[in-house]
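Structure first, commentary second.
In this document, chain identifiers A, B, C, D, E and F correspond to the written order of the chains, with residue numbering beginning at 1 in each.
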Amino acid sequence: MFLPGVDEIVRRAIAEDVGTGDITTVSTVHVDAQARATMVAKSVGIAAGLPIVAEVYLQIDPRVTVEFEAVEGESISPGMVLCRLTGPARSVLTGERVALNFVQRLSGIATKTNSFVRLIAGTNARIVDTRKTTPGLRVLEKYAVRVGKGYNHRFGLYDAVLIKDNHIQAGGGITATVRAARMSAPHTMSITVECDTIAQVDEAVNAGADVILLDNMSLYDIREAVAKIHGRATVEVSGGVNEATVPDIAQTGVDIISVGALTHSAVALDIGLDLQLV
Amino acid sequence: MFLPGVDEIVRRAIAEDVGTGDITTVSTVHVDAQARATMVAKSVGIAAGLPIVAEVYLQIDPRVTVEFEAVEGESISPGMVLCRLTGPARSVLTGERVALNFVQRLSGIATKTNSFVRLIAGTNARIVDTRKTTPGLRVLEKYAVRVGKGYNHRFGLYDAVLIKDNHIQAGGGITATVRAARMSAPHTMSITVECDTIAQVDEAVNAGADVILLDNMSLYDIREAVAKIHGRATVEVSGGVNEATVPDIAQTGVDIISVGALTHSAVALDIGLDLQLV
Amino acid sequence: MFLPGVDEIVRRAIAEDVGTGDITTVSTVHVDAQARATMVAKSVGIAAGLPIVAEVYLQIDPRVTVEFEAVEGESISPGMVLCRLTGPARSVLTGERVALNFVQRLSGIATKTNSFVRLIAGTNARIVDTRKTTPGLRVLEKYAVRVGKGYNHRFGLYDAVLIKDNHIQAGGGITATVRAARMSAPHTMSITVECDTIAQVDEAVNAGADVILLDNMSLYDIREAVAKIHGRATVEVSGGVNEATVPDIAQTGVDIISVGALTHSAVALDIGLDLQLV
Amino acid sequence: MFLPGVDEIVRRAIAEDVGTGDITTVSTVHVDAQARATMVAKSVGIAAGLPIVAEVYLQIDPRVTVEFEAVEGESISPGMVLCRLTGPARSVLTGERVALNFVQRLSGIATKTNSFVRLIAGTNARIVDTRKTTPGLRVLEKYAVRVGKGYNHRFGLYDAVLIKDNHIQAGGGITATVRAARMSAPHTMSITVECDTIAQVDEAVNAGADVILLDNMSLYDIREAVAKIHGRATVEVSGGVNEATVPDIAQTGVDIISVGALTHSAVALDIGLDLQLV
Amino acid sequence: MFLPGVDEIVRRAIAEDVGTGDITTVSTVHVDAQARATMVAKSVGIAAGLPIVAEVYLQIDPRVTVEFEAVEGESISPGMVLCRLTGPARSVLTGERVALNFVQRLSGIATKTNSFVRLIAGTNARIVDTRKTTPGLRVLEKYAVRVGKGYNHRFGLYDAVLIKDNHIQAGGGITATVRAARMSAPHTMSITVECDTIAQVDEAVNAGADVILLDNMSLYDIREAVAKIHGRATVEVSGGVNEATVPDIAQTGVDIISVGALTHSAVALDIGLDLQLV
Amino acid sequence: MFLPGVDEIVRRAIAEDVGTGDITTVSTVHVDAQARATMVAKSVGIAAGLPIVAEVYLQIDPRVTVEFEAVEGESISPGMVLCRLTGPARSVLTGERVALNFVQRLSGIATKTNSFVRLIAGTNARIVDTRKTTPGLRVLEKYAVRVGKGYNHRFGLYDAVLIKDNHIQAGGGITATVRAARMSAPHTMSITVECDTIAQVDEAVNAGADVILLDNMSLYDIREAVAKIHGRATVEVSGGVNEATVPDIAQTGVDIISVGALTHSAVALDIGLDLQLV
């Protein structure tokens, strides 16, 4: 079990693409024809999702063997071979697009993540993802963030408390809201409070929040907040983070920088499959 | 039934995000609190996926009402209200991210599609999608392409014959391969042949292909191919298509321009949810 | 993967028959008893569905080995052995009925199909199936038609356009309806128009239909339609087709004869399982 | 809940037929067009499966209303209206084939069953079905047998003990095998023993079998068996039962006549849908 | 297939516990670390559910080998090794709780069952279970009852007729109700009538019930009922059965004693997993 | 959506009990018969699971109305009415056992939880559950703990870090292991370290653990640990906790007392359904 639930995700992807059958391949390729194929990078980036290639072919036809030449998380460049496939030509062809769709998207996310990570090298900050992932693929997209040397934020609404403005309004202010969450959530669960102002930061720290999330603050305010918090809580920044702004943000001494673009604005990395009949 | 299978896709997206429960909301918002929210555009683009907002809230809590102010496929700009939600505050909050993730991605695809479509206005060509879609979301992403005034290519390996170089090699040449496909595929199914050279175009047309797919050809070759084919088959172009090249390609008189980037390189459109307790 | 989705179909069939357990076998056959069984034809026909026997036993107990003696699509006659099973007696017994139910029904369809196919031998027409299949088994029943040397029509509402009288009425006549379909369907998708009169045939051909479906026409009218169409479209006949009428219909020069009876009126071929304890 | 599990069976049937969408209807029928349709018998038989029409349209579009004019189990004849549909034309069209496939097959089974039932009128025997049903549809096909005034045998391997020759061989003779089953099966479960000879009948009755199944016996032997058993067990006959032989078999005084042909050889009853746009 | 459907039950249990991943193990145990573990009894009882340990690890990681030292149904005592696991340390750790939860609950049921069984040793009565099982686990819990040397009652509402007071009231008295059930249920299905009084017992026996269920009767009444029935029907007792009362009940000569507590009041048997890295 | 996933759990429970149909009810109760039923407590405890009664009947037959008289979490005693059902008699009868199985088990857990909670009243400790839940029912069983005024521990392996002896051994000691977990787990995730000795407690606190879990320590050691930790971490106790020991443990000043018995040793609360035909 590479990642929980991935077999089901792959099953759906195959069903979606193959449907009632690969009519072209069945009608033009002999059932006994064999093929060798190489998955090859066509641009620069970080490889992610290679284990899914094995899962795709395990499901389509276990006679297809998959040998990896690249390592998950490794830097790749045009021409580099990621893996080699050998087996029945029909099966290799039928699985091609499904396998590539996974690897291209996940490598795109790992690549984007890694570019942020490299921009803050030397600081203590972490680049983390958000819940702005493609519906149905969160477990894989968050995996790709880790492959790109980023970190994961919470996985969903169920594994951490994150108090936003509406919760604060509904809960009667930061102090009351934090107390309510602490009173009812499992003791293992951390509490983050999203703050827009320094005054809110003060209140949230005093209320005992574990993480202070500075939302859309100026560099100046971020610095003041870091100084105020002074180690009494983890400091997270979100909003207005991009490749241009992230180095300065990281220099302020914040712990966590969460970036929706890692997943919501990642594009597929260019990767292809070269196939030869044997 | 808005689109077949969308209820299942939404069900999985909710399960993925909500898991065992929205711990923050349950612990800080009173069960009887009511809310009003507006989904608001924060950038310029094309709205797509609004019916999914209704499906998301139908599944989470049918007491939440959804009123649409924007129309699917309409141009939107910052500040424009897409829809209004009214109902139990807990439910409105719990569904927020799932609903936005769908609308942002689908609007991103419709927007990208529409920008290609506008670049070829006045020609007879169609912008069509490919199978380079996000695993598990194809039916929705292809829908978003249509919303953006693009067209769909085949939905998978099962609903049209598309003969590529490997099939030609395995099938013993273009003529033999087309004949084999015609002999075995349903008579309702069209046959496309991917061609790299003008010589192949000649052979494919003579073999009776319904569609000639010119793969990665120069403008010069595309023009020659169009002239050669002379209406005897539909002409499709793919490869090397981007916003810079697409106008000239469309001017050659081709019928179909297929663009993987519509889906594999679309990014989320910026859309938010403003919520007030009432 | 013999056919997409067949593992799930088999899983449901086993669950339906075995339920909470084969109480007779468990209580009367020793867990270590071994058995050999032969699946034997008891009537004349065409064998279809043999690969499902392997799938059934793979799911029930992979220790049961299945050796095929007959080939899918082959003519069989009473006494002929289709396959041999060897393995734990309990498992062989438990899977018997499920395996037979599949093979008997699919062989029944292949047999009926083949009898139609033989009746039109020497003509250019194809015998094709329809959507009148058993709910949930379409992919298998259409496979059995192919095994019987018939051809498949479209697989569902999603993979080809078939314009019937109601669509024509709703769409404002044949010409407008064909144009509307061509404008909105994928360019890979063929358009069939069902015609009841020669006048409709004329209009449909001129509107650019790919296939003209002559519905319930007399032989005289079919001949006239074939002459009129004169190769400008594929000609399909449906309605009133049975073993008595099909030879004359095929002689008219039509391309396609679609026969609902291949699936909706096929009956199980008589096939049994002889089992010996060893 | 008309019958347990039927919603899932219908869901799969719709998915199988509609796939990614009814392309013809969507491209040619206006979204606001309304239709009225009547489901009409085209041959003589017994109506079965009408509640499924309601389930099909509930799933496709709950705005389609279904009014029944015929009653489940009623005799129908050409021209008789079974039900009336009213609602959005697109939805009525999209569900037509799925609805008909169910009703035609189930009515075919009910009709065949009823013809057997009428042939034994005046005797005490019951016509019962077998496990020779279409994979995945057993709950519905056994329902159709009841609609046709037949009775159900066991539903699967799990709800009754049926000892056949292989179990007897494995269990060390009839007496030992019946004892073993009685010792281990739930006390609520009846035990049937399949007998080929009068000697076996004797032994099975003495062993305490609840039902004696006379397999492929001559009328002469059946009469002798009935006399021997003399009320000490229920008497069932199977094998060689058809419309010609069943009256004499029923006259022998047997209790149960099980007929595989009710399901494995039933053909679709001719039923159509007439649709008008309104 | 150990028991039908168990693979799905295990799949859900793993998904429920592992979710998006065992974060502790992945972050602290090296991917190549190997482990040996022993599952050890910590109290006295009957072992049940051991085959599920194999299924759990087959699904989590087939490289984990499971060797059994105890036999299903065997008496166990503190310190006794039930099975040994060897394989990747991460996988052994991840599956620990899921495997234990199954074995502890099922062993608890087998143990409770066996204690009832031993209390009636020497009588002809059977201890049987009821439908008071944990939702979703019935097939396993009824299996555990068998492992504990108890017997199964019906598995659900579908495999036997059990007429209770409400059915009698609705059906117009015992005689009419039994006749109605006999007229409509499959002939293979036994009929039980629940009786509160001796008068009802009389009527039920005369109506031809197969089983008379004496509900909450005194020992005195049970004895009278047994005498009255005198072998004409199976006699079952339920209600007020516990470890103190069951010996006397069994001595009355009843055939069946059904005990809801076997499942609804079973508690987990104490069993642990000792793990060493190697 | 009462609780995520509960509709699926209920669906499986109904399928498991009703199977192919409630043969007794269908054959003895008229389809038009109406019934009124009251769910009544037969022992003292805490009511939990009442919303599931509504879900059960919504799925079986939405015409059955459910009116609640008791409130979730309320103390109940023999004779008290929990809810009233009105509707078709067949449906009320068919759903009875499924509804009761849920309410009885969940009320049993809430009752057991509440008895622990009352035993520590006046202290600052929380009674929390564990992962020792019934496979497939965790979300419901943890809900029942909350209903009983207990608290939840983590929901699975995925939502908190809990470092046990094997992780410590594999990770190279407490300090290194905590650091590794902190380095790789999401920053929102708390880290618990299970300690057997005071020395380990020291090391774990210094390593920065959020929660110190004192496993199977004597009261004396617990007191020492609490004093040592002195507010620098949350203190949890587990092992050897029962109704006799829990008051003293709570008096030591620990924060959290986790009790497996809440779920693994809960028994069904006695609750019944009284039904009258109307």
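Convention: a residue touches a chain if its C-beta (ideal position, glycine included) is under 8 Å from a C-beta of that chain, and two chains touch if they have at least 3 such contacts.
Just so it is clear, the model here is predicted, and its values are computed rather than measured.
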{"item": "Centroid-based (C-alpha) most distant chain relative to subunit C", "value": "F"}
{"item": "Copies subunit F and subunit E - interface residue numbers shared by over half, same or different", "value": "same"}
{"item": "Maximum centroid distance from subunit A, chain identifier (CA atoms)", "value": "D"}
{"item": "Higher-contact pair (C-beta pairs counted), C-E versus B-C", "value": "B-C"}
{"item": "Distance between the centres, which are taken as Cα means, of subunit D and subunit C, whole angstrom", "value": "22"}
{"item": "Subunit B and subunit F: spacing of chain centres that average the CA atoms, whole Å", "value": "45"}
{"item": "Subunit C and subunit F, separation of their C-alpha mean positions in angstrom", "value": "52"}
{"item": "Set of subunit E residues in contact with two or more other chains", "value": "18-21, 139, 155, 158-160, 162, 184, 186, 189"}
{"item": "Contact graph of the chains (line, ring, star, complete, other)", "value": "other"}
{"item": "Chain-to-chain touches, reported pairwise for every pair that qualifies", "value": "A-B, A-C, A-E, A-F, B-C, B-D, B-F, C-D, C-E, D-E, D-F, E-F"}
{"item": "Residues of subunit A touching subunit F in the complex", "value": "126, 128, 151-155, 158-160, 162, 184, 186-190, 192, 210-211, 234, 236, 255-256"}
{"item": "Contact footprint of subunit D on subunit B as seen in their complex", "value": "1, 3-5, 139, 142, 155"}
{"item": "Parts of subunit A lying in touch with subunit B, wherever the complex brings them together", "value": "9-10, 12-13, 16-30, 33, 35, 89, 93-94, 97-98, 100-102, 104-105, 131-139, 155-164, 166-167, 169-171, 177, 180-181, 183-186, 189, 260-261, 264-268, 275, 277"}
{"item": "In the complex with subunit A, residue positions of subunit E that touch it", "value": "14-15, 18-21, 59-61"}
